[in-house]
Each structure stands twice: as structure tokens, then as C-alpha cells.
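Below: the structure, in C-alpha cells.
Each chain carries a letter (A, B, C, D, E and F) given by its place in the written order, and its residues are counted from 1.
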Amino acid sequence: MNHWIVAPIVLPAILAPFIIMVLRYHLDLQRIFSVAGVVALLGIALTITAQASGGDIQVYELGDWPAPFGIVMVLDRMSAMMVLLTALLALPIVLYAIGSGWDQRGNHFHALFHFQLMGVCGAFLTGDAFNLFVFFEVLLIASYGLMTHGGGSVRLKAGVQYVAYNLLGSTLFLFALGTLYGVTGTLNMADIAVRVAELPPEDTALLRVGAVLLLLVFCIKAAVLPLHFWLPASYANAPLPVAALFAIMTKVGAYSILRMYTLAFGPEVEATQGLVGDWLQPAAILTLAVGAIGILGAHHIARMVAFCAIASMGTLLIAISLFTPEATAAALYYIFHSTLATALLFLVADLVMERRGGAITPKPPMPQSGLVAALFFVGAIAIAGMPPLSGFVGKLLVLDAARDASNANAVWFVILVGSFVTIVGLARAGSLIFWKSHDVEYAGEDAPEEEETDERSAPEPQPGLAFTAVFGAVAGLILLTLFAGPALEYTSKTAEQLFTPERYISAVLGGEE
Amino acid sequence: MELLRRIFPHPQLTILLTLVWLFLANAPSLNSLVFGLILGIIIPFVTQPYWPDRPKLRNWPMVIEYMLVVLWDIVVANVTVAKIILFKRDADRQPNWVCIPLELRTPEAITVLAGTITMTPGTVSCDLSAQGHNLLVHCLDTSDPDAVRDQIKQRYERRLKEIFE
Amino acid sequence: MSLFLIAALPFLGAVFPALLIRAGRNAAASAAGLTTFLALMGLLIHSPAVLRGEVIAARFDWMPGLGLNANFMLDGLGFLFALLILGIGLLIILYARFYLSREDPMGQFYTYLLLFQGAMVGIVLSDNILLLLIFWELTSLSSFLLIGYWKHLPEGRQGARMALAVTGGGGLAMIAGMLILGNIVGSYDLSVILQNKELIQSSPHYMPALILILLGCFTKSAQFPFHFWLPHAMAAPTPVSAYLHSATMVKAGLFLMARMWPVLAGTDAWFYIVATTGLVTMLLGAVIALFKDDLKALLAFSTVSHLGLVTMLLGFGTKFAAVAAMFHIINHATFKAALFMTAGIVDHETGTRDVKRLGGLRHLMPITFTIGTIAALSMAGLPPLNGFLSKEMMLEETVHTTWLNSHCLVPGLAVLAAVFSAAYSFRFVSHVFLGPQRDDYPAKPHDPPVGLWLAPAFLVILVVLIGLYSAAIVGPLVAVVSSAVIGGEKLPYYSLKLWHGFTPALYMSVVATLGGLFLLALHRRGEQIWNALPRPEAKVIFEAIINAFTRLSRLITDELHNGVLSRYAVIFVTFTVGLGYYAYSTGTIGIETRVPLPAQIIPIIGWICLVGATLGIMWFHRNRLLSLVLIGVVGLIVSIAFNYLSAPDLALTQISVEVVTMILLLLSLNFLPTETPWDSAPARRWRDAAISVVAGIGSGALIYAIMMRDFAFPTISDFHLANSYKGGGGTNVVNVILVDFRGFDTFGEIIVLGIAALIIYALTESVLSTNVRGYLLNRKPHWPQSGDAHPLMMVVVTRVMMPIALMVGAYIFFRGHNQPGGGFIAGLIVAIAYLMQYMASGYTWAIERQRFYYHGTIGWGVLIAAATGLGAWFNERPFLTSDFGYINWPPLEEFEWATAMLFDTGVFLAVLGAVMLALDSLSRFAWQPGMAQEFPMDINPLRDDPPEEEEKEQV
Amino acid sequence: MMGFAIHFAFACFGAAIIMCLWRIITAEGVGTRVLALDTMVINTIALMILYGLFKGTEIFFEAAMIIAMLGFVSTVAYARFMLRGNIIE
Amino acid sequence: MEALVASAVGVLTAAGIFLILRRRTFPVILGLSLITYAVNVFLFATGRLALNAPAVLNKYEEVPYTDPLPQALVLTAIVISFGMTAVIVMIALSAYLSSKDDHIDMTAQDCVDAPGEDA
Amino acid sequence: MEFIFELLIAFFLIVSGIFGFVGSFGMIKLKDPMSRLHAPTKATTLGVGGVLLASICHSVLIEGHLSLHELLITLFLFLTAPITALFIAKWHIHRHEKPEDLPDAGEDELWATHAVEQVEDVPDHSAN
């Protein structure tokens, strides 16, 4: 019995109440414990990743009830990888939130942050469909709190929309789960897989409805067109470190699609034939297109980065929708990249917004302009998939994996043209924000020295820490590039594991070969 | 004694709650009694701050008498109301307001009186006056508001005054 | 020196200037120079081997999974280009140190420059086309930074973006081309690809690959119609222009065409695409160059023209042409870099680059004059300079070229281009240096310090020497380079010498020179004609297109994401229903296997109430209070239905949640408008109604279909029914599922609830710390308030009700494991009991008597639940494993204990705390300063007007 | 006979509920509607107990009791809202 | 009976969606509540309907039991949606108080010009 | 004996059914809002009380075990019905009655519902 498997869930679940109860009035201690918690989570994630990398699938039976009757957590390569990614993402973000002073602009930031991590890790680890719903709700509700952290009328309004849309999504999740249970009589994912494979033909219509509704739920999270509408306004209006953390939320959707549609509703399963292939890829292609167009058309840096997130989800889902081991390996690599890159760009956008506001128009130069510009440049390169960062590798992987697909031409065209539009859009924004400001200065346009506008942050923010955090994200991208070889090897083996679901099933259900 | 008062801030409530527990459990047993008693002690202790002043019941036989009177009135007068509702033309009915000057001062007593008035058909207690010296009652059908007032004062208020004050 | 190190040195060097800039400009320049010098030396170490025809390789398996490996190779072609990049780079570093002014951030400059240099070296040394792509795109990025170096100049910014768009875009096309190529061959290693000419050229994917790769090359090398970015990139500081656009970046495209020559060239497609493009570019560039007044623009278009020349040569596909191309690349690099530096010196010293404002500088700046003239004449193709030699070879080759059966077209146009080429070269000399001295130069011109002219001087010496002793100086190099280009095959016959006899090429050269002089003489006239001609301004068109696309994108984006939630929801619903229907219709469904339960009168009445209330809500929804009342009906019916259908736990939960929700909504409605105005037109409402009805039919039909069929397999709940008592110690299976079988769900669920309360609290704090507080204090209620906020009777009844309600809560809690009930419902009931007190006596009065602290209650709840779960670890069992047993304390009857109860206690506390915190927070919005009350009820005759005997007692 | 009585009672309370619904929908003031809702709740309690009696089961008791206890709270909340706007002050 | 339940689910869903498509926060919240009822009943009904068979084990006799699992799921769902409702009510209220506007839609001004900057 | 018990129970049920019906019917039939208040508050309460009584009788007399928990429901209803009525009456007074329409409140001058602090806050008598 390997208790490490639940540790990523239990740790934040205990830490967060502790922060609320004991440390409520001690911001410094909250920060220390919060960072320590993230570091510990990282340690746990590394441990379980090491354990999973052997290729064995480990199962943790909560309450000591065997699957499929109780809830199980399943540690395989993919879940370990996703937990690791979560922890890796959380560290720079929590440091940034502290450094920028965002955490003190409202109450309970750190507690909500850890609850969110709990939800995300739980969603990655669980092997039970309804438990997945519960963790979705945990991460969602924490995200509602984080999104509206600090208040402000526009943010709150965006928050209402975000919550309303996602509540609709949660409702759909329940419809889907109900349908699946109503047909198969089980909730355990592995058990669903077994039963779906043996399903009598006269029940396929209902099962297919359930499967497609479930897919739609995940597509909402993954911001697949036309279910992506919740994303731009909410990400753009959220506190940007929070938006950076949300980079992992869309991945939860992607992860769930991969999980359910390799395990239970795979392309070779007769009952669910053709449910994904027919439309997921076109939708993903459109997602990328809309994302890229949004980047070019954005008026505001935060909104632009939000569209970057959409575009990168488009690319990711194109890879996922191919449903081949090779493409899945590419997708998994791309998940790592796009999460870090999106987060980085959101953090940089926050640096920009804190200094000059986010409108993509020329304004007088800001403090530390050069450094911020350099970081923006790095982030832009990463998200646009330009070399030398991992985005380029990821893009090559996806393109390479798509080459034998039936509509490879469309995929290639959209990915490449999407990159082009992204590059043009980012260059335009960067030039207007960072370069044209010098023009404003040279042209002698009045540069009203904005007095300390942020009167709420009583203790001085520590920009050093904030920059360190951003550099951390950059370092992550660089490492991901340098060690692309081993990373790709890991994701390839992960994909291989995903495409042999029998191992997962027998690990969970115990020897039912 | 002081300690006892602290532990049992409200013995009547303790008894009431223990009874409630026994009703809830619906199967008399020693376990239920013990458990109910424990809760019956804990809960008054916990809720103590919410009843800063509490009435003393002085005349227990009168309590019984009062309850019987009221029950009887409820049953009898309900029939009257049913008749009015079912058979009387709405236009023939004479709804009326009645003001009842109160001699009662204890909130609990006033509450019981008002409740009684409402539960006995034909009348509903609607409001207290601004300092609580009068009770406003609405009659469903009466041609003689003063009679209603006198009956209420006679039948209920008198007894309540004996019980509470 | 390892090829890795040579490729890495510039990148390492890029770090230093940025770090060293505090140490001064010289330190930065020295660091840049030193690393470049080291890399150059490392390269030169390999020269003997390269000149022997050996290929040096270095391999590192970076991503074997993808085939992207860090493989480098150094052959003649790579050597030549690396030499140019590093050699000229070194000169540029020197030159830039003196050229840039004090205000310019020099650290940044050298960093960008070295990044660029590294990328270029990477391109020419790559032995893996994916690796090459990386460096290729890196050049686009670093040149973007270099061109935009002077951020304050709009031309710089626009030029940089244009360059990035064009070259980066071309690079993207090339990615596709390279992937196709690698796919054809089965490897991304150049050395492997270059061995597979037949395979590639016979592949059906040859054409797309060719076109895509050429797109990359043409954009990078500024071939028509992508030539327009190059002149605008001249907004960069002159050292950058000199480096990027004479020696390096634009040559990258040529390099790649040369690199791929063995496998791509030789087909008709190659010839017609490449040669034609080259020819057109050569001619067009030359013509435009003649009419440019900006010195750098003139040189830029001349560069375009010469790039066209080389492209055309490569496009011919013959070995001889390839040799000529390589030779011209060397020559062009030398004279063009020198010319750019000259132009930079002139600009630097006179303060202008406008030809019209210059002239007569030869006496003022003799050294510059000498350098510039020699270089320009070489460009014009005059003997004995190196430009002459390669131009001869080019003209010679055109004579043998047939274009669509025409023998004259190519040579004719080539000569025409040469004429213009000579003309602008002469113009450079005559209009800048010759002619009368002027007195209106913006600055006082004189020769620059040696640091500025040393580098161009060195280059013109090369120009002359190569012209005179070409075979000796560059002969071996040309040979080895050319042999690399033609794929190691036997070199064609050629000779690098000035005099080949009276060949057609010689006549053509003479024509070109004379024609050039003639054109220069007619320049003024020609200029008038040129200016009168309507001609498309590529930059304007490009920007118009980009702006149009930006505007279109903005329009699409803003129109699509217009912030209207209802539209998003409509799309969501229709998409979901549509796909659901699709999924259903593509599957099969069997006949009904279950007999429906009979519908008795009571359920029918319930149904009528439910439907009536629901439709009522739809109809009356604008009256918000009424909607709430109707929602109350719905909630009531639903919970009774649960009870009726054998789900008592659900009924209890639903009804308690109902009450709390109602209180919550009423609390918020106090601040919201009580009426919803008409917002949407009737047509829209009907559309919405139609969509809703379709969705409703969908969900109803779905559940009907499910209910009418049996499970396809036995459900897992059989296990729960069988093990609930045995393994979980409880007879209420639902509760055992909640606290035991699926306790982890419940654990998550209480956390959700706790978070909800936290959010509400946090938002309250946030909102009340803004000016909203002032608004709230001054706002008028919706309608006049009645008197008697805390009626006496309510208070009295609450005093009785609350303890009883708590008792009921306790009862529901303790029986939960075995009978309907449990921690959740109990928590709600207790919370409602407290709320009753709040409502009766008021918030301030009640809160003062509140003995528990809500945050702590939630926290303890979650922690107790977690601790119960963790307790199992000590028992070496998984998280949340429960245990139970029986206690026998006579005279009491035996009773059960279960850790699940402890877990349920956690649930209870979390729920209680969460509900209280949420409602408490909302109540704080309504707080007013005068609200603090001393007494639980407003009217109390006993207090205000005690009966007489008590008065007496008190006295 | 008891069966008849129960069915009679069912019919009476069922009709009562429908009348309450009618009142809720058609009444002109919210006060009457709240009253009708409260009445509906009480009628529902009667129906639940009746049904339990009819089927000889106790599972309706707790729900009926909770409804009796909590229905009052929501009625008071509505009324307080109409009287004072703020239901907890 | 099944038809009654199914049609009730349908009606609740339809009304819920209709209200969600309104343009003010309050009706949208009402709509979400309605659709929550719908989905709770839906989920509950996937266990198939049964009368007089609560899943409370009877120690004395063999009696039929309804499927307890969907009930447990619905319980969890009810609780979660209660939390969600509370949150959206609060956010909507805060948004209204901050802007004195209870439109649920973002205006062009909101979503284009100044995301997050008023904070 | 059993028959008599059943008869008794049936009697309770029928009476309570009638009162339950009357309670709601009154709400439909009676025209003025104050009168409507009478019907449900007591007729319905009595109706439910009858059912509960029947239930108690059934378990005690027929099934032979003491089951008094129905009394709790009765207790709650009797405790709460007057409060419900009071609040609804107050709502009516607040919205629809002017002080001069009500009987004189004696020395207290105003009824509590009308006794608001500011004079201008005396309710306007618009609908709702």
C-alpha cells in the first residue's frame, strides 16, 4: 500500500484548513507554509513520478474497499506526470503571487490556492468517474474564489459569467455520469471500460449519449470551440497569477479526454465508434484558429494571453484528437510546454499590467522595461512555438505525428498558419507595448508620473521575488527543451501505457485479464 | 446551588428536551433516556445566552386547565369556521378588527395568548401596539367585536395571568 | 575545436555583453569580439581538413524519438559560410564599437548580434534539418531584435515586424517542407537526405516539399515577391545592415538552396521556379536601386539584385552555375559589407545618407572615398575586381540557358540587369564622392578614426586581391565549396581568371558597363520617368494587409466573444443537444425491458404542482420574489418525490438545503432589484423558449429511455447493499456509501462547501472594503420598512424552537448511520436553528452571543474528517478506512461506535460552519451603525412597563 | 373502511394542494402567495403522514417533521423580507 | 410514474435553460437552480424508480431495496450545487453592488478595454 | 374491537380531510386577504392534527406499539402557525392598512407595524 498516492490530495486538504484556522491573521506565516506546502507537493510529485516511471500501475483503494465498489486512486505514468506538472507550475506562481503582493489583495488566497491544487491533483489521480466530478468541483470552486480574488466590478462580472457557464458544465457532467451509470451500473473508470467493451448492442445508443456528453464536459474545461466562450473574459479578468495557475485547468480537460477516451471509449471500441474522430479534430482546428485570430485582434495584453491559452489548447487537442500513441506522446509533451508557457506569459502580462496597464497601446516607458520586455519576448517565443524553446519542439512533434493522419494537410496548415498569425500578433503587441513606449517618450508626449496607484498593498511588494518566479518558469521551459529527449521518451512510454488499457484495467480490477 | 444552576440553567427545558428526544426515538429505552438527558443538559447549556430572561410558571393545574380549554375551543370553533367558509356567502360575512387591551406583561404570556387567539378559529392575532399594551385581532365573522374581546379576556387572558404573573 | 563549441560560442558570447555592460562599452565589445574570434579560430583549425575535402561531424542524440538531433557537420559549403559569418562578424563588432553612440545600449546590441551570429553559424553547420529549422527561426527572431534595435524609430519597429513576419512566415512554410522531406527519406539528417536524390525527386511529395522549402529560402533571401522587407530592415543601425543584409542573414536562403541543391535541383520545376525568381529579382532590384536616394536603400536593393543573381545561378541547376554562384557569394560578401560600412561612415560623418544632399566628398574623406569606390566598382563588375569575375561567369552561363525555348530571354534580361547594376554602382561613386564640394552637409565631414575604416579597408583589399589572384586565394575554397554544393560529384571545368578571351560574356560586360554609364548620364531624366510611374509600394501593401487582418481579427474576436452569456449558453445548449442526438441516432437501442410503475393520484397532483410552479417561474420570472416562492414549491415537490420514491435521505437533504438557499437568495435580493425588466424582444424569447423546449425534451427522453431499460450489467450497488452492515456497520446504505464506501467523495464535498463559504467571506471583505460600503450605508430599502423588526412573539417562540431544533439535529445526526439522516442534514438543521435566532432577534444581538467561530468550525470539520481518514494509516490501512464495534456498558444496552461517525462529525461541523459563515457574511452587507441592539425583542412590556407588583419588588 | 377514509383524505388534501397552487399563481399580493405556500407545505405534511399510514411505513416521518420545522423558517423569511427587506438584521 | 418523472425532468430542464438565457443575474441564478433540480432528479432516476423500498436494511425480513448509489451521488450533488449557488449568488451580488448593474453580459467596454484594471 | 378502532381512525381521517380541504378552499373562496388568513392557519392545522392523531391511534391501537413522535409535528405546527399568521397579518397591515383604518391602539397610539421611526417612512400603499 503506497500512501504517497493520496498525499498530493491529502496534503493540501490539510494545509489549507490549517492556514485558515491557525494562520488567518499572519500573512507571513501563511506565505511560509504555503510555499513549504508547494515544495512538499513537488517532493511528493517527484516521488510518485519516480515510482510510476517504472511502468507499474499502482492502485490505492480508499477506505480499503476494492474497485469498482469503492473509490480508487490510480497512479500511472500519465497521472504522475500531471501531478508533477501541477507542482512545478504551482511553485513559481505562489512565489510570484507573494512577490507581487497579489496574495494580500483579498482574503484566503493561499488556502484557496491549495484547495485548487488539491482539486487538480485529485482529478489527475482518481480512477472513479464520479470522484472525478467531485474533484472537478473542488478545483472549480477554488477557481471561482481565486478568479474573483481582490474584487473589482469588471472582474466580478466576468466572475459571474465564469461561474454560470461552469455550473452549466457541471450540470452536464452529472447528466453524463447519470447516463453512464444508468447503462453500465458502475462508476469506476476501469470497470466502465470493461463493461463498455462487453455492452450488448441494444444499449449502445444510451451509452453513446453518455460518452458524448462526458466528452463535452471535458471539452468545456479544455476550451474547445464552441465551448470555449467562458475562457477569454475570465482569464483576462482574473488576477493574472491566478490565470497562470488556470493554465493547468484546461489541461485537466485535456487529461480527462485522454484518460476516458483511451481507457473506455477508445477508437477501437465498437460501442462508441466515431464519437470523437468525426468532430473533435475539426473543433480543435477551429479552436486553434480562433485562438490565433484572437491574439492578433486583442486590445489588451491579458486578453491576448487568454487567446494564447486557447490557441495552445487547440494545438494540444489536435494532437489528442489523432489518438495514436505517437500523437499522444506529442500531446503529453505539449501539455507540459503549453502549461508552463501560458503561465509564464500570464505572469509577464501581470508585470506589464502592474507597471503600465494592459492596453496594447503606446504608453510612457515603465520601470524595468528592458527586463520585462525580455521576459515577454521569451514568453512569446515559447507560446508561438518559435525556437529555441520547447514550443518549437512540441510543434514539430505534433506536426510530425499528424503527418499520416487523413487530414494532415488541414492540420499542418492550421498549425503553421496559426503560428504565423500568433507571431505577427505577438510581435505587434510587443512592439506597441515595449518599443513604441520609447517613441512616446521621445516624442515628448506627456508622461504623467503615475503616483503609487496601488494603495491597497500596504507592505511593499518584492519585485525581486516576482522576477525570480518568472525566471523559474523560464528555466522550466529551458529545461524542458534541453531534456526534450528524456521527456519525449517518458511521454512516449506514457502514451504506450495509455494505449494498452488492459494493464490499467487489470491493475484496478485485480487480475481480470 | 450556584454550580447546579450553572449546569442546569433551565431544568424545565431539560425535561422538555428529554421528552422530545424520547418522542423522536419513538421507542422507550434506557439508552434513549440517558442519551436524551445528556443532550437535554448540554443543549440548554449551549443555548443559554439566547434566553436572558425566562418566565416562571406558577400555577401548574391552571396550565393543564388552560390547555384543555384551548383544545376544546379549537375543535368546536373549527366547525364554525368550516361552516362559514363552506356555506356562508362571502358578502354576508362581517370581518372585523378587534383591539384587546392587555393586562399581561410577560412576553411569554402575551405570546401564548396571541397563539391561542390565532389557533382558535374565527380570530387571528395580527399585531401588538407600539408599546405592547394592546393586541390587534382580526375576526373572520362577527357583528359584535366587543363580545369577542370580552370572551378572549375572560377565557384566556385571565388564566394566563394566573399562570405567568 | 568541436563543432558543438563553435556553434555554442556565439551564444555563450551573447551572455557576456549583457552582463558586462556595467563594466563599460569596451568590455562588452571585447567580450563579443573575443568569443567571435575564438569561434573563428576554431573554425580555421579545421580548414586544412575541409580544404582536403573532408567532412567533419559531431553528433549528439537530442531527441531520437522525433529525429531531431544535435548533429553538426562541416564541409566546404558550411566552412565558407561560417567563415563569412564569423569573419565579417568580427569586423562588424569592431566597427560597431565606434559606430554606436553613447546613448545606445551597447550591451543589448552585442547580445543580439551574437545571438544572430550563433543562429547563422548553427544554420550552416547543421547536419539535421530540424536542427537547422531551429537556427533558421532563431535568425528571424534575433534579426527582429536587431532591426528593431532603435525602438524609438517607427521605421525600425515596422521594419522589424515586417522582417519577422516575412522571414518567420517563410520559416513556417519551410518547417512543413522539411518535415515532408524528412518523411520521404525517413530521416531528418542532412547527410542521409543528401544521399537520396532519386527517392526525393520521384516522390509525389517532391513538389510540395520543394515549394515549401523554397518559400522559406525566398523569403529569407528577399526574392521577388518577398523582397520588400529587406530595404525596410535598413532602419537598423548600419553595422546591423552590413552584417545581416550583406553577409549573413539574407545569404541563409542562398545557403539552403545550395545545401539542398544536390537533391532538389535538376528538375524542371526547380529551374523554372528558382531561376525565374532569381532573374526577376535581379532585374527588379537593380532597377529600383538606381532610383533610391537613401544610400542604404540603394545598397539594400542592390543586395536584393545580387541575391537574385545567385538564386538564378543556383536555379540553372548546372554545375558550372553552381560554381559561379558560390564564387559570387564570396565576392558579394566582401564588397557589399565594405559598401555598407562606407555608407555608414558617410552617414556617421556627414549626418545624412541622402544622395541628393551629398557629393564632392572625395577630398573631404579620401580614405572613405577610396574604399567606397573600389567596392562599388567591384559591384559594377569592372575588372580587375572580384565582382567582375563572378559576373562574367554568370553572364557566360546565361548564354547557355534556354527558357521556354527562348535562347535570348535570359541573357538579354541578365544584361539589362547588369546595365542597371553598373549604373547604380557608378551613381554611388559619382553622386556621393565626385562632383563639386558642397557647403550644406549637415555635419562637417572628414575621414573617420581608424577603428571605423579599418574593417572596410580590409575588405576592399580582399576585393582587389581576389580579383587579381583569384585562383590562388580563393581557388581551393571555391573548389571545395562547389564540390560540396554539387554533392561531391566531379567539378565542371572552370577557371577563375580575368581574361578568358573574347567570349560572349565579355561583350555583355562591356555593354553593361557602357550602358551603366549611359544610364547614369540620363539619371535625372530617368528619375522623372520613374517618379511618374505608378508603382506599388510593397511596404504599404504589406502593412495594409496586416492592418486589415488585424482589424478583421479584432472584429471576429470581439463579435464572437461579445460578452453576452446568453449567446454562449445558446451555443452550448444547441451544440450539446445536437451532439447528443447525433450520438443517440448512431447507436442502437433495444425495446423497453421494464414495466412502468403505476402513476397514482398523489404523484399526479405532485406533478401538476411541479409543472405548474415551473411554468409559473418561466412566466413570472420577472417578479423575483414570486419566482422564489414558486421555486419553494418546486423544491418542496422534488423533496417529497424523493421521499415517495424511496429516498428519504435525499428528501431530508433537499428540504434543508432548500430553506438555506431560500434565505440566501432573500438576503441577496434585498440588495438586488426586485423586478427583472424586459430585456429581450419577443422573437428572442420565443427562440429561447424553442431551444429550451428542445433541450427539455432531450433530457426527459433520455431519462425515460434509461428508466425503461434494465441495467446492462448488475450494478455495483449490490455490493454496497450486501456489505453495508457487514463491512460498514450501518443499515442506512446511503449513509454508509457517503461516509464509508465513497467517503472520499464526501470529503471532497465538504471541502467544496468550505471553500464556498471562504469565498463568500473573502468577497464580503473585499467588497466592503471599497466604496460599496458607503453605498450600502446610504441605500434606501426597496420599500418602506415596517415597524417592530423583532416581534415579541417570534422571539418567544424561537426560544422554544431553537433548543428543540438542536435536539432534532442531534437526533438526525446520531441515527444517520442506520436510519435516514446524517451529518450533513444535521449540520443544516442546526444551522437553520441558529438562523432562526438571527431572524428573530437580529444579527447583532445574536452574533454577540455566538460561541463558535465559523472559520474554525469549517477548518475543524475538514481536519476531523481528514484525521479520521489518516487514522487508518496507523492501522496500516488506506486513507478513510473505517472501523466500528459495539460497546457494552451495563445497565445500558449495547450500542455501536464507528469511526464513520467521527467522519460524519467532520461533515457536520464543516456544513454548519460553512452555512453560518456564508449567511453571516451576507448579513454583514445589511449592517447599519444603528442596528446594534441591547434587547432581543423590540417591544417588551415587561421591560418598558413592568407590572405593578414587580415594580414594588424592585423598589 | 379505513381504506376509504384514507382515500377520502388523500382526495381532500390533494385538492387542497391544487388549490394552494392555484392561489400561489393567481394571488395578487406576495403575502397571500406566501400564505398559500405555507398552507401547501402543511397539506403536504398531512399527505406524507397519510401515505405513511397507508403503506404502513415510517420513512415519511422525519421528512414530515423537518418540513414542519423548516417550512416555518422560510415562511418567516419571506414575510420578513416583505416587511423589512433585510431578513437578518 | 416513469413518464411523470421524465416529463418533470424535461420541464425543469427547459425552464432552467430558458431562464439561463435571460440577461440578468437573478433569473440566471434561478435557472441554474431549476436545472440543478432537473439533474438531481435525473441522476436519482438512473437508479430506476422504486416505491417503498428505501435502502435501509431490514434485519428481520427480506425486502426489496432501491439502488442506493444514485441517491448517494445525488446527495453529494445537492451539497455541491448548494455551495455553488451560494458562491454565484455572492459573486453576482458583489458585482451588482460594485457596478450597480445586474446585467449578466459583459459590455464591449468591460471585455475589451479594461479587463481587470479597475481593481 | 379492531373495527371500532378502525372506525375511530377513519373518523379522524375523514374529519381531518374535510378540515384540510376547508383550509385551502377558504383561501380560494374568501375575498379579502385578512379573512383568507383564517382558513389555512387553523383549519389546515387541525386537519394535519387529525391525520397525526389517526396515525398515533393506528400505531397504538392496531399495530400495538407506542408511537408518539407524531406529537412532535403537532407541537411544531401549533408553535409556528400563529407566527406565520402574525407575519402575514403584519405584512397586510404594513402594505394595505393605514393607521386610521385600524381600531385605536389605545395609549400606544400606533400598532407596532406602523410604528416606524421616521414619519415619512409610513408605508405607501402601492401594490405588492
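One rule holds in what follows: a residue touches a chain if its C-beta (ideal position, glycine included) is under 8 Å from a C-beta of that chain, and two chains touch if they have at least 3 such contacts.
All values derive from a computational prediction rather than experimental measurement.
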item	value
Intersection of the contact lists for chain A and chain B	C
Chain pair with the higher count of C-beta pairs in contact (A-C, D-F)	A-C
Closest chain to the centre of mass proxy, which here is the mean CA position	A
Centroid-based (C-alpha) most distant chain relative to chain B	C
Geometric centre distance via CA averages, chain D-chain B, whole Å	22
Inter-chain centre distance, chain D versus chain E - centres from mean C-alpha coordinates, in Å	23
Distance from the mean Cα position of chain D to that of chain C, given in whole angstrom	59
Where chain A and chain D are represented by their mean Cα positions, the distance between them in whole Å	48
Per-residue multi-chain contacts in chain B, two or more chains	20, 24, 114-115, 127-128, 130-133
Numbers and ranges of chain A residues touching at least 2 other chains	130, 134, 137, 141, 144-145, 148, 150-151, 156, 161, 164, 168, 175, 178-179, 181-182, 187, 232-233, 299
Residues of chain E whose C-beta touches two or more other chains	20, 25, 28-29, 38, 40, 42, 45-47, 52, 54, 56, 69, 73, 76, 80, 83-84, 87, 91-92, 94, 98, 104-106, 110-112
Footprint of chain C on chain D - complex, ascending	10-11, 14, 17-18, 21, 24-25, 30, 33-34, 37, 40-41, 44, 47-48, 51, 59-60, 62-63, 65-67, 69-71, 73-74, 76-78, 80-89
Contact footprint of chain D on chain F as seen in their complex	6-7, 9-11, 13-14, 16-18, 20-21, 23-25, 27-28, 33, 36-37, 40, 44-45, 47-48, 51-52, 54-55, 58, 63, 69-70, 72-73, 76-77, 80-81, 83-84, 87-88, 90-92, 94-96, 113, 127-128
Chain D to chain E touching residues, read off their complex	55, 57, 59
Touching residues on chain C, where the partner in the complex is chain D	601-602, 605, 608-609, 612-613, 616, 620, 625-626, 628-630, 632-633, 636, 639-640, 643-644, 646, 648, 651-652, 655-656, 658-659, 662-663, 666-667, 669-670, 781-783, 785-786, 789, 794, 801, 805, 808, 812, 819-821, 825, 829, 832, 835-836, 838-839, 842-843, 919, 923, 926, 928, 931
In the complex with chain F, residue positions of chain B that touch it	20, 23-24, 26-28, 74-75, 78, 81-82, 85-86, 90, 93, 95, 97-99, 101, 114-115, 117-134, 136, 138, 140, 145
